[in-house]
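Below you'll find the structure, written out as structure tokens, and then a few comments.
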Amino acid sequence: MSLEEFFHMGGYAFYVWSSYGLTFFVLLMIFLKPMMSKKQVIKDLRTKYRQQERQTKEQNS
Amino acid sequence: METSLSRAFIALLKRDLQLAYRHRNELLNPLFFFILVVALFPLGTTPDKTLLMTMAPGVIWVAALLASMLSLDSLFRADYEDGTLEQILLSSHPLSVLVLAKIISHWLVTGFPMILLAPLLGIFMYLPTNGILTLMLTLVLGTPILSLVGAIGMALTVSLRRGGMLLSLLVLPLYIPVLIFSANAVDAHLADMAITGQIYILSSMLMLAITLAPVATSAALRISLE
Amino acid sequence: METSLSRAFIALLKRDLQLAYRHRNELLNPLFFFILVVALFPLGTTPDKTLLMTMAPGVIWVAALLASMLSLDSLFRADYEDGTLEQILLSSHPLSVLVLAKIISHWLVTGFPMILLAPLLGIFMYLPTNGILTLMLTLVLGTPILSLVGAIGMALTVSLRRGGMLLSLLVLPLYIPVLIFSANAVDAHLADMAITGQIYILSSMLMLAITLAPVATSAALRISLE
Amino acid sequence: MKLPAIVHKFSSPQNFYVMAGKLIPWLGWACLLFMISGLYYGLIEAPADYQQGESYRIMFIHVPSAWMSMFVYMVMAISGGIGLIWRIKLADVVASSSAPIGAAFTFLALATGSLWGKPMWGAWWVWDARLTSELILLFLYLGFIALQASIEDPRNAARAGAVLALVGVVNIPIIHYSVEWWSTLHQGPTVTKFDKPSIHISMLIPLLLMAVAFKFYYATSVLMRARNEVLLREQNSRWVKEVIANES
Amino acid sequence: MSESAPGLRIQNIACTRGYRELFTDLNLLLESGQILRVEGENGSGKTSLLRILAGLAQPESGDVLWNGLGIEHVDACYSHDLLYLGHKPGIKFELTPVENLCMFTSLFGTKSENGIEDALYQLGLYGFEDVPCSNLSAGQKRRVALAQLLMSKARLWILDEPYTSLDVAAIAFLESVFKKHVQNGGMLIITSHQPITVEGCLLKRLVLPSTVLEEVH
Amino acid sequence: MSESAPGLRIQNIACTRGYRELFTDLNLLLESGQILRVEGENGSGKTSLLRILAGLAQPESGDVLWNGLGIEHVDACYSHDLLYLGHKPGIKFELTPVENLCMFTSLFGTKSENGIEDALYQLGLYGFEDVPCSNLSAGQKRRVALAQLLMSKARLWILDEPYTSLDVAAIAFLESVFKKHVQNGGMLIITSHQPITVEGCLLKRLVLPSTVLEEVH
């Protein structure tokens, strides 16, 4: 099977490749989302803890 | 204990019907809505007789679905907002029984009149008599399911500020099986086919809903009020 | 004075959009409702291709009508309940302008996305491409009318506890002309007929609504809040 | 009903966080391995179908996605139920982390099915029972997500979602048996028949490889999401503070 | 003291709203004839605590025991012994005061339907029995809700800011009702930003977010 | 005194709710630096009167004049000079306190957007600026609404039971705000069932349903 034939998919190239492309795009997004949000969560929590510390310090003084 | 439970059940049913009667002009609203939605179709699509007849069972059932869903608001929303729902939760009677009383009153006020109105709409849409009778039969079995299942969705969204649209997203998918089997039964009868299968399925869905929905609804209410 | 009015206008518009964005999941709800209602029809009536195509414009427009109407609640209800509507009324700016800001944000949140979604539903209902284009054109002209006219009805019913159903009674009859001309335009285009007449009528209805509806709405609001 | 204490201990959020952190890389690599071999056999080794030509290769992603759409829903409903009854926080976390992944699989099943349907049936969409019930499944997922998103308190959100998910379970048998109950356009069971799969072995192998790869994919990404959720929900406990402090 | 002592026992309760921790490790015991007054700034968690005690919300951890049994147990009969009035009046605006109280008696199994008119008179709603509650003023609505107290047989009353919107006369009357209830062996948990004066009873004060109990006579 | 005297003049106002006459022939004049406290039992018509004065309801008969002009006249510029806070808090629960106040400033044309944070701090909402108001306690919600007072440039404030749900510290703070407002030439109309102590200002008392005005210093 030549490369051209492979990409041509017997005339169904559009349907086959767009479904594969769509699938891997969606799977990738679903996979990347928690990676990004993990950074966000850590950042948010860190600022929150800092705020809390400051507040307790203020109350004590 | 038994008698006091039945007393509470009846009192709650009576109160809800009384409230509905106090707003008797609003009582008619779901019915008008039901009629209006059906009436929109000949206007929006085509006045053609045979075409309307083919569409009739589906359109009437879709209108029933929407009317029933939109009237769900009266089931718990008002009680939630003025705090009486909290009191019902705190009552010493089993919540699912009290919830059933409210669902029954909802059905009496919305589902039941729709059954009575169905022949009129059937005539509007050129349904023959046997079609109308099957339509009414499916409504008798189906509208209680709508009230029961809708109650679960309403209970889940009652504490949300803009629950209305969310409610439809939760409830409509669950309504769809009722729609499919009911409309299908009427179509089948019009084509002179047996409809025992559909009626059987609708009945068992009704049984299932009666046993499970009050329990699910009361669980959902407890969560919503937390 | 002028600049402070436009500032208030923009601030109100921005606030409403912000509110919508804060509930961005709810933003999608009218759209889901729109899709779901359209999906109910093939399920309830028939999966037949030509029949569905005949029904398509009417069904999609009825769904748009209902989705727009049901989302009206977010226009004034929440503002009424938490007292901000009172504050808007007491503001020194002309009420009708502020009302227009709210209506525009309502349209941006519900009507506009429906236009974008129409092609998908068209495909669901087997509409050909030229039908889809006309459908979108009628939606562009028609959905603002729905928001404008709906605002009047909402303003009249905002202070009623169970206004939801009454609203539909007030508003649906006013929506019907929009439905008839729009669905008719699509049908005509599918039958290769001229549609300038319908488009002309829709445009003039839109002009009329833009000029009159804000005034009527603000009068209605003043009455409701008394 | 009481669960043995060991269950609670094992499902403690901290324990989970650590264990999941160790497990994720392994699952991820396994997913990649199965995926690559599945793609190799599916796209290159397997012969063209005598009826459908090359278009049938969509099957290797359509069918696993469709299976996953139902599988994830069941996982979601069961773990939601566990969280509701036994109040195990971890179960809630798994349920709410599963929903977006399940919705994505459902969307993929619909989209790839559509892309397959156009050349095969000549239409992007038909209103047949299986397609319709799959569409309903998508709406059930979206309803679940929307409901959870509009409830502020994470504990209440989890419990409300669980009730909804359990009520929606009735749809799953409808999807599966719809092809047998109604005569439809859609393919009947070919792989999942009990006696003998009516599919050629050269097509069966890549299909199963992809199916396993999708399972691993789900496991990886649900654990990743759940770890984030756990951090958020347990933010007042000491161990989370330590974790955040140690995180660079 | 044995675990099954009558009264309300709160063990190691912690409460979290959203992601904010309000209080932890709250312990207390309320017995017959005692009043617990929960105080604290706005937002300190009074309402949250009262809803937990009424069984309407679940604590993050810890238990609430009634007569030694967890309140979520069916056989604790907690709901028979409890009356809770929250921030919302809990009455139907469309119904008249009499109809509202009728509903209440059948929901909670209090027998005396003939006590309704009497209760309304005592709360100064003479002449308003048959007016829909929506046409009552803010304070009158609260009075209808409070009329429940006169007919209740519950031993434990949990009241969240019952003085809201009430005028001076109504507050004085209410305090006499509290006194009678407590002297008859009842218990009362109350929050209010206004002073409370019920004489001759053991008053426990809890000032949130501190969880230390103070006793005043 | 000429008709165009600055201030709020009430002429022969009568009010009827349903078929019940609440008061008739109410006359009064409120001038710069004065406080009017409306008292009365529950249901005596305080809220009804205040809504009439704010222009939200029409009296059965009589007129309300602002600087000598009927308040329904557009050129009376009444809405520029008025700030009304009713029983409902008038804030959006979905928005944060900061966003709520932003909205308020642009609606009423008060310039100082940078004063918002300051106002919130003063009302003890530090740390809650960015929490949606739905997650605030009853008293905290009222505090957000009351923060408007700190930014308002209106000369006439009409406040219906502003002390509802507020704790003691908040009430004390609020009274200092009233004092400053009145000493700067503002006017205040207020109802409350709790005592009000704003020292050094002319306090007029109106005890409904009587329509006789009493002056206290």
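Structure notes:
Think of it as A, B, C, D, E and F in the order they're written, each chain with its own count starting at 1.
Keep in mind that, in the parts below, contacts are C-beta pairs under 8 Å (C-beta built on N, C-alpha and C of every residue); 3 or more make two chains touch, one makes a residue touch a chain.
Worth saying up front: this structure is predicted, and the values here are computed from it rather than measured.
Shared contact partners of subunit C and subunit E are B, D, F. Chains B-C form the pair with the most C-beta pairs in contact.
Averaging C-alpha coordinates per chain and comparing to subunit C, the farthest chain turns out to be E. The chain with its Cα centre farthest from the Cα centre of subunit D is F. One inter-chain figure worth recording: subunit C and subunit D are separated by 37 Å, centre to centre, where each centre is the mean of the chain's CA atoms. Averaged C-alpha coordinates give centres for subunit A and subunit B that are 42 Å from one another.
Here the CA centre of subunit D is 57 Å from the CA centre of subunit F. For subunit F, the set of residues that touch two or more other chains comprises 93-94, 132, 134-135. Chain contacts: subunit B has residues 23, 78, 161-162, 166, 169, 172-173, 176, 226 touching two or more partner chains.
Note for the complex: subunit F touches subunit C at residues 54-58, 77, 79-80, 82, 84, 86, 88-95, 99, 102-104, 106-109, 132.
Those residues of subunit B whose C-beta lies close enough to touch subunit C in the complex are 23, 26, 29-30, 32-33, 36-37, 40-41, 43-46, 51, 54-55, 57-59, 61-62, 65-66, 70-71, 73-74, 78, 161-162, 164-166, 168-169, 172-173, 176, 179-180, 183, 187. Residues of subunit D that touch subunit E in their complex: 152-155, 232-233, 235-236. Interface of subunit F with subunit E (complex): residues 17-18, 40-47, 87, 124, 128, 131, 135-140, 142-143, 161, 164-171, 193-194.
Looking at the complex, you find that subunit D touches subunit C at residues 123-128, 132, 135, 139, 142, 145-146, 149-150.
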